[in-house]
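Next come two complexes built around subunit A: one with subunit B, the other with subunit C.
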Partner chain A sequence: MALPPNVSPTDFEAALAAWRQAVGAEWVFTSDADIALYRDAYSPYWGEPEERVASAAVAPQTLEQVQAVVRAANQHGVPLYPISTGRNLAYGGSAPVYSGSVVLDLKRMNRVLEVNERNAYALVEPGVSYFDLYDHITKANLDVWIDPPDPGWGSVIGNALDGGAGWTASPFRDHFGSHCGMEVVLANGEVVRTGMGALPNSKSWQHNRWGFGPWVDGLFRQSNFGVVTKMGFYLMPRPEALMSATASSARDEDIVPMLDVLNLLENQHVVNGSTALFGGAAGPGPQSSAWTVTVPIYGPEEVVRAQMRYAKAKFTAIPGVNFLEGELFRTPLSPQALARVRLVNFGIPNLSTFAMLGRSPTNPQPAGGHIDFSPIVPRTGESVLEFKRFYNENLSKVSGGENLGILGPVYMTCWDRTLVCLIMFPIGRDQVRNAKIRAAFEGWVHLAAERGWAEYRAPAVFQDLVADTYSYNNHSLRRLRETIKDAVDPKGILSAGRYGVWPRHLRKV
Partner chain B sequence: MKYVLLLMAALCPAAHAAGPDGKAVYEHWCAPCHAPGPGHPGTQSLQFKYQGKLSPVLLERTDLAPQVVSVFVRQGVLLMAPFRKTEITDADLAALSAYVTTHFKAP
Partner chain C sequence: MINRRMFLEAAAASALPAIASARPGAAPGHTEIPARGAVHTCLIDERHAPARTVGGRLRATSVDVLTIHDGDVTQVWLQRVGPAWRRAPDTLAGVTARPALFCLEQLARGCGLRVVFHAEHLVHEAGRTEHRLLRGASAAGICTLDLSLAGSLWPSRIAQVIATYTDRAGQGRYGLSEAGLHPTLPPGAQLLTSWIIAAV
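Then we have the complex of A and B:
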């Protein structure tokens, strides 16, 4: 049996005994075969000494069991790494950031505690996936939509806490931004409810996120200050219709006015759907300089059509831009319509995104997994053109002159005012190739930081690297986070190293 | 012993009526990728792998042994990460394996 680092066999045995008492022996995993299930299937260090692996796992089902597990870990100094559904693939999966931590697997906490149709919100536990919440709402015949990310098997809470995005209307696509109220277990086992939830017998926990006094919810995003055991989320009342259009231009420089129009329309909330930007690819041919923006609008049909006229007038005022209106889909979708839409845009979770990197005629021998470099760039045409040049100029250099199968850039417009410029890296079981991919990834992080760009989220093994780029004023933000970490988790037992925040005893001097 | 139990589960699904429902496990955990038709990456992947020699749809396969199902569930393959015991318990897995390997016999 593996031991967590800096933990004596006596202490570990005592913690294991306390956990077995709290959650039942069958939910404490210590065998090699069971622990292997917690490995990160997309680890860039797969099979190498640097791979981040668990020493054990413990899976509580209730809040009280989480408290008991955390208290025992705190008492015996055992590092824990909470996961929700463990499907944070490409960002570490279900493996800990600090190797040897015990995974606190919250998948069994899978209750949908409330879905309120009249005020359009849900309250869920960490083990609830997008599929689970969708099924619950469908079975109860409630007229509200969820906002699924690409793969539907992830945790609603976990995705929000890691900073994930979805594909429906703008108020819901920032998953952390659309939450309302949390319940958190601190490292000493104490339970905190945030916002209006701090009021005993609160009637408005999921109605108002701010409550009274300093708002602390942000401290639990991409963090290691507590274990989130409940979270509320706003839902979208089913819109009557979705209509999409495309605006395109053959000229590279037209991206500047096109994005200005797109920004105006989104910031005016005329365009509220999940827009997309295609083009500018590094490939050869005249099409490589063409740009296409998709412009989806949700709402009542007559309102959508009026907003679309306004959007069309704005885009076609740019000389040379072609505006093409698409089909208007009324909801609920007919079976025929279901077959030809992108389901996530209609609040329907699925796994079709995995087809993109799976085995196919264009990819007969896929590597297996992937990781992404996803820096945040201002939503302007000048930034897009700069990033495109940056990518083309540096791809060969960071790849050591080899074709490593790197794909990019994909310009994500999931959040207003922001572009996420995604570069994808294949990850497999070939250690030599993985080492080259790691070097390329590190190269992109450094080169982007020189331009003032950095990631919003990163694979576990690169979280220190990325956190280091946020270095303004001699890393004052990191030092503030460390001060908080030491105060709320003095023994440093929770998710050491997550997003670059280490407890005092593990910090590099 | 494990295989005997799996075999029994495969041969006598009715005797396990009180345990996990293999069909429900399949529909929750496998169908999103392995159901027939477009939009199912597991089916797409197997289609290109088998090139018509075998069905790419898991429930149309008549040659799978329960152990094969267990290996793929617990070890994963390519993009499909393994499933933990908090997701698919050993009892769920036995029921799932029985369902997938006997489904074709259903009327």
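Then we have the complex of A and C:
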């Protein structure tokens, strides 16, 4: 049986015994076969000594069991790594950042505690997937939508806490940004409820996210300061219609005014759907390329049509830009429409992305496993052109002159006011190739940081590297986080190393 | 004189009645009682002829054959497999591309099931198929040679494996399969996977 690092066999056995007592022996996993299920299927270190793996796993079902597990871990100094449904693929999956940690598997906490149609919110546990919540809402015939990511099998809470996003309307696409209230178990086993939830018998926990005093919810996003056991989310009342259009131009330089118009329309809340930006020819050297921006609008049909007219007027004021309106879809969708649309844009979780990314006549050699480099750049056309040049000029250098199958850039405008220029790296089981991929990834991180770009999210094995780039004022942000970590988790048992925050006893000098 | 290849091909071709009679109570007029852990449902990726052949063979048995379209398991998961696994850990089989298995394997983890049988079939453009048995072969009573000697009738052999699968003591408890990745294939080749997900 594997032993967590810096934990004596006596302490580990004591913790295991305490966990078996708390959750039942059948929910404490120590066999190699069971622990193997927690490996990261997309690990860039698969099969190598540096692969992050769990030493054991424990799966509580109730808040009280979580508290007991955490208390026992704290008492015996056993590092825990909480996961929700463990499907954070391309960012580490269910494997711990600190190798040898015990996975705290929250999948069994899978209750949809409330869906309130009147005030459009839900309260869920961490094991609730988007499929589960969608199923609950559908069966109860409630007229609200969820905002699923793609694929939709992940945890509603897990995705939000990792900074994930979806594909319907603003503000619901920002999953953490559309949460309201949480319940957290701290490293000492104490339970905290945030926002209005801190008021006993609160009836407005999911009605106001701020509550009273300093807002602490952000401490638990992409962090290791506590174990979130409940979380509220705003839901979108079903919109009457969705209509999309595209604005396109054949000239490279037109991306500047086009993105300015898009930003204006989004900031005015005229365009509220998940926009996309396509274009920018790959390859070295300056090249003229076509750009296409998608312009989706949700709302009542007459409002949608009016807003689309306004959007069209703004875009077509740019010389050379073509504006093409698509079909208006009324909801609920007909069976015929369901077969034609992208389901996530209609709040329907699905797994089609795996089929789409799989092998096909048009994609004979798909990547399959992948990790993503996701830097944030200013949301301007000038930045898009700059990033395109940056990518083209550096691709060969960071790839060591080889074609490693790196794909990009993918320009993602689906976050409000944010532009992410994503680069995708294929991951397989070839260790030599994976090493080259890792080197390329590291190269991109450093090159981007030199230009003031850094990621919003990173695979577990690169979180230290990315965290190091946020170095303003001698890494003052990291020092602040470490101060908080030392206060709330002095023994450092929760998710050591997650997003570059290490407990004191594991910090490098 | 009949040789081993001809014998096996003949056996595979006649697998239909063999499969139908392999189950307890499968004689006409009897109510089918599936053996413990027997496959309830088999998913077939309609895009692939060998998968359709397996489905055709299994339709003569008590296995419920469902088709997935465009390799996407979403509807099957939402409407059939998800609800079934919430009730009980029913055994599921499939002949699909890797992504479908990957999705279902990940979803199965949360329901106490895992992949207990996994074979891969590299179908070359000219029709020749190479087989790899990755797990559960001995428990399923099959070896690579069986499939190779079956020639173009190998789907029938896989159908037989699926139709006759039962829960066995000492069944392997395996970790993750490799279904999340896509290996580089020869031009024009397709990679199919046949699999069984069961409670262990």
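Keep in mind that, in the parts below, the second predicted complex is superposed on the first by the 494 of 509 C-alpha atoms of A that agree within 3 Å, B and C clash if a C-alpha of one lies under 4 Å from a C-alpha of the other, contacts with A are read in each partner's own complex, and residues count from 1 in each chain.
The rule we apply is simple: a residue touches a chain if its C-beta (ideal position, glycine included) is under 8 Å from a C-beta of that chain, and two chains touch if they have at least 3 such contacts.
These figures come from a predicted structure and were not determined experimentally.
In the three-chain model built by superposing on subunit A, subunit B clashes with subunit C.
In the superposition on chain A, A:Y42 makes contact with both subunit B and subunit C.
In the overlay built on the shared chain, the residue A:T483 is in contact with neither subunit B nor subunit C.
By the touch criterion stated above, A:S471 is placed in contact with neither subunit B nor subunit C.
In the overlay built on the shared chain, the residue A:W153 is in contact with subunit B and with subunit C.
Look at A:G369: by the touch rule set out above, it reaches both subunit B and subunit C.
By the touch criterion defined above, A:Q268 reaches neither subunit B nor subunit C.
Once the two complexes are laid over each other on the shared chain, residue contacts for A:S31 go to subunit C alone; subunit B is not touched.
When the two complexes are overlaid on their common chain A, residue A:S352 makes contact with subunit B and with subunit C alike. Using the contact criterion defined above for the overlaid structures, shared-chain residue A:I427 touches subunit C, although it does not reach subunit B. Residues 33-34, 36-37, 39, 41-42, 85-87, 89, 107, 127, 131, 153, 343, 350-352, 354-355, 357-359, 364, 366, 368-369 of subunit A contact both subunit B in one complex and subunit C in the other. Partner subunit A is touched in their complex by these residues of subunit C: 70-74, 77-78, 82, 97-100, 102-103, 106-107, 109-110, 114, 172-176, 178, 180-185, 187, 190-191.
Across the complex, subunit B is touched by residues 27, 29, 33-34, 36-39, 41-42, 57, 59, 85-87, 89, 93-94, 105, 107-108, 127, 131, 152-153, 343, 350-355, 357-361, 364, 366, 368-369 of subunit A.
Interface residues of subunit A, counted against subunit C in their complex, comprise 31-37, 39, 41-42, 85-87, 89, 107, 127, 131, 135, 151, 153, 343, 349-352, 354-355, 357-359, 364-369, 427-429. Taken in their complex, subunit B has these residues touching subunit A: 28, 32-33, 39-42, 44-45, 48-49, 74, 76, 78-79, 81-87.
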